[in-house]
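One chain, subunit A, appears in both complexes that follow, with subunit B as partner in the first and subunit C in the second.
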Partner chain A sequence: MTKEFGGAAALHDIDLTVRPGELLALLGPSGSGKTTLLRIIAGLVEADRGHVFFGGLDATSLPVQKRQVGFVFQHYALFRHMRVADNIAYGLQVRERANRPPKAEIRRRTAELLDLVQLSGYESRFPAQLSGGQRQRVALARALAVEPRVLLLDEPFGALDAKVRKDLRAWLRDIHERTGKTTVFVTHDQDEALELADRVAILNQGHLEQVGSPDDVQDHPATPFVMTFLGQAARFSADIRDGRVLVNGKPVPVAAQRSTIGRASLYCRPWHLTPTAIGQGHYTGTISGIRRLGSIRRIEVSQANGTTLEVEVPLRTSLRLGEEIGLEILDGVIFRDD
Partner chain B sequence: MSSASLWRFKQSSVIPGFGITLGYTLLYLGLIVLLPLGALVTKATSIGLTGILSTAADPRVAAALWTSFGVSLIAAGVASVFGLLVAWVLTRYDFPGRKLVDAMVDLPFALPTAVAGIALAALYAPNGWIGSFLEPLGIRVAYTPLGIFVALVFIGLPFAVRTVQPLIAEIEGELEEASATLGASRWRTIWGILLPPLLPGILTGFALAFARAVGEYGSVIFIAGNLPYVSEIAPLLIVIKLSEYDYTGATVIATIMLAISFAALLLINLIQAWSRRRYGYV
Partner chain C sequence: MSDLSAALPRPVESQLSVVTERKLVRWVAIGIALAFLLLFLVLPLIVVFAEAFKRGLAGYFAAFQEEDALSAIGLTLTVAAIAVPLNLVFGLAASWAIAKFEFKGKSLLITLIDLPFSVSPVVSGLIYLLLFGAQGLWGSWFMAHGIKIAFALPGIVLATVFVTFPFVARQLIPLMQEQGTTEEEAALTLGASGWRTFLTVTLPNIKWGLLYGVLLCNARAMGEFGAVSVVSGHIRGLTNTIPLHVEILYNEYNFVAAFAVASLLACLALLTLALKSFLEWRHGADLAGGASH
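== the complex of A and B ==
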């Protein structure tokens, strides 16, 4: 499946291929164009230039009604005046008579889908009588009822609270494995994308920054934006000389291409840094905060110039607030400054 | 206080004064609404049931009642359809002058009805701006039941628009998109998704426009021509009876109108209650 886009105001030359049967996350900050991209795939928005392909089929000129996509909206968009079962059956009931399954078949399919989304027994409720998580499950069942070529979800868990989000994530993964439906979902939550998706496409200001597996984008971020967007990262000015990376004149155990020489930026995660004695390591600073994060502690180290770094340390630590320490860089990702 | 009392008049609320407001409501309704209506019915029934029936059977009265209720019904229906359209355009689209058009919808409310009647009569008279075009086509509006219809649509429109407007504003655009992605045609989306939630509002607008049309006097008499048996409305007949000092006859016609109106509004309310149940919590 290939989708190519020309700049639809918010998008610039996006070339993205979704593999059959995969669960792809479109990840990016708000305003990055991820929802626009999803709506172009669905046919709800037209691209100014470029094409959308489903398999070998050029769907660019197909109206939304004929694209056979399942779309799940952030705010569910359930039909309030219809019962749950009628909501789910709607996509089948609106078909032209020639393609419409018989009534008994529609009923059977509806019951099957209700079972899939674990809402059997709720068929004669109205959407107003359901919780947010239940409504989103109905919306998903409704989208699946038409046997879409591709399932598109726009921030599906955005309006739900943390606990329900977590449950629904696991549940969506499960549904995806059972149905094998090619799925694209939009999210601004990196944890959600990394936990759920087979591959993650990261968008920033209408540009596709990187597409890759969760391991790929985390271990080998293609751009500084990907590095900083996917998690806490500290930036250090670095020099590259003879294939070695130097920060404050001291070498860092990070590989650089042998041929490159010049200024660069080194980005470090909190676990890429470790405290050492004063005078050793690459930096010195004062501990300005100690927080516990589950099984580890994170300390904030303030430098003389006012910037603060986050460093991960074991739970049992002798470090105290206000203590002056050195910091050693163990690892990081290097980007050339151009 | 025992909470097991059958009539729980005590309502806990952040706003106090349940007792005094309820008392005021009942007193107000009694004095302003029920007392005059009661007096009307009492006066009318003083001639007995046979007297009422014979008045209703009078061909001129019957014709006037038919005209009043029949034309009001059609006019309210037409006003509802076009009111829905106007409300949709005013709510869904943004265009230069939208606020101005929106304000214009209320003009039939504010205009003295006699002014509206004279204006319409002047427009639709055989030598008027619109009437002179219709005359060669053999269509006469002024001084016929068609004229009554035009006047009643005019005064009914604001009711139809204002009752559905807030409901249209409530419909999320995503509903239409959801319907489209599921393969529904545009017509199907309009009939199946957009109209059902608007139905209560449309019915309310229809009921208000109908009630107003039945009671309308000023704008109609100028354009209707008031030919007995053809274009004479019941309220005019009441005025004629009054000018003939036939107070009982006037109140009898009024009571019959009251009864029919009450029955019609009750019916509309029942349909509304049914549609609410049918369509859940809309």
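== the complex of A and C ==
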């Protein structure tokens, strides 16, 4: 399956291929164009330039009704005046007479989908009588009822509270494995994207920054944006000389291409740094905060100029608030400054 | 949330809320409101019915056996039967366009919809007379083609449509804006055509609001006096609606008949009020939008 886009004002020359059967996350901050991209795929928004392909089929000029996509909205968009069963059956019931399955078949299929989303027994409830999580499951069943070519989910868990969100994540993964449906979902939550998706496409200000597996984008971020968006990262000014990376004149165990030379930025995760005696290491600062994060501690190290960065240390530590320490860089990702 | 509210003590009934005034102030305020209602609404209503039944039931019903009265009732029903459906369609189209699409001149359109509320009905009647009267802008053309608009049914319908235009649209615009477009989008992605989406998703969502608007529109259409008075020409038995007929009877000192016919309008008002209250009570959430969804 190939989808190519030339930008609407919010998107610039996006070229994205979704593989059959995969679960792809469109990840980005708000305003990055991820929802617009999803709506272009669905046919709810028209691209100014470019094409959308489903398999070999050019769907660019197909109206939304003919695209056969299943779309799940952030705020469910259930038909509030219809019962759950009628909501799910809607896509089948509006088909032209020639393509419409017989009544018994529609009923059988509705029951099957209700079972799939674990809502059997709820068929005669109205949407207002369901919880947020239940509504989103009905919305998913409704989208699946039309046997879509691709399932598109727009921030499907955005309106739910943390606990329900976590349950639904696991459940969506399970549904995806059982149906094998090609799925694209939009989210601004890195954890959600990295936990759920086979591949993650990261968008920023209408540009596609990187597409890759969760390991790929975390271990080999293509741009500084991807590095900083996916988690805490401290930035150090660095020099590249003879294939070695230097921070404050001291070498760092990070490989740089031999041919590259000049100014660069080194980005480090909290676990890429370790405390050391003052005067040693690449960096000096004062401990301005110590927090516990489950089985580890994070300390904040500040400099007089106000810059603060985070370092991970073991739970049991002799470090004290206000203590001045040095920091050693163990690892990081290097980007040339242009 | 339910756990939390269960744990809190129930508010004591007699406890005054912070916004509640002292007893005396409350009674004075309520008293003034009630006195006002009695003086300006209830008493006139009683007078209408008292005068209407002054010569008993026979006198009352005699007023409706008169041919002019019957024709006035017939004309009013005809005008309402044409004007209300027209405004239902106009109002629906206007609010659909305003609530669901972005286009240039949208705020101008919203302002224009309110125009009939801000223009005196007599003035709007005069406008139609100036346009379609014998010496009017287009009137002579229509006259030449044998179509009579001023001082005839088409003119009365036009004036009524103009005056009652805002009712349906005003009711639907906030409701449709509140509901947004995602349900329609969902229907489209599921393969429903635009028309099908309108019938199965949009219309059911606004049906109570629509009914409410139609109810008010109808009450005004039947009761409209000013605009219709100007364009109708007061031709007895031909272009007199119920309100105009009441005026004529009154001017002829035929008080019993005047009040008897007026009582019809009063009944219509009471019926409208009752239906309106019922709708508000039964489907309040659907009228105002914001139904939990």
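Here is the rule we use: the second predicted complex is superposed on the first by the 338 of 338 C-alpha atoms of A that agree within 3 Å, B and C clash if a C-alpha of one lies under 4 Å from a C-alpha of the other, contacts with A are read in each partner's own complex, and residues count from 1 in each chain.
By definition in this document, a residue touches a chain if its C-beta (ideal position, glycine included) is under 8 Å from a C-beta of that chain, and two chains touch if they have at least 3 such contacts.
Since the model is a prediction, treat every value here as computed from it, not as a measurement.
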item	value
Side-by-side fit of subunit B and subunit C on subunit A, or clash	clash
Which superposed partner A:Phe126 touches (first subunit B, second subunit C, both, neither)	first
Subunit B versus subunit C as contact partner of A:Ser318, first or second or both or neither	neither
Subunit B versus subunit C as contact partner of A:Gln65, first or second or both or neither	both
First (subunit B), second (subunit C), both or neither touched by A:Arg80	both
Stretch in clash, subunit B with subunit C, out of 2-10, 74-82 or 272-280	74-82
Subunit B/subunit C common contact set on subunit A	42-44, 64-71, 73, 75, 77-81, 90-91, 94-95, 127-128, 139, 142-143, 145-146
Residues of subunit A defined as touching subunit C within the complex	42-44, 64-71, 73, 75-81, 90-91, 94-95, 127-128, 139, 142-143, 145-146
Residues of subunit A touching subunit B in the complex	42-44, 64-71, 73, 75, 77-83, 90-91, 94-95, 126-128, 139, 142-143, 145-146
Residue ranges of subunit B touching subunit A (in the complex, touch as defined)	172, 174-175, 177-185, 188, 192-193, 196-197, 279-282
In the complex, subunit C residues that touch subunit A	182-183, 185-193, 196, 200-201, 204-205, 291-293
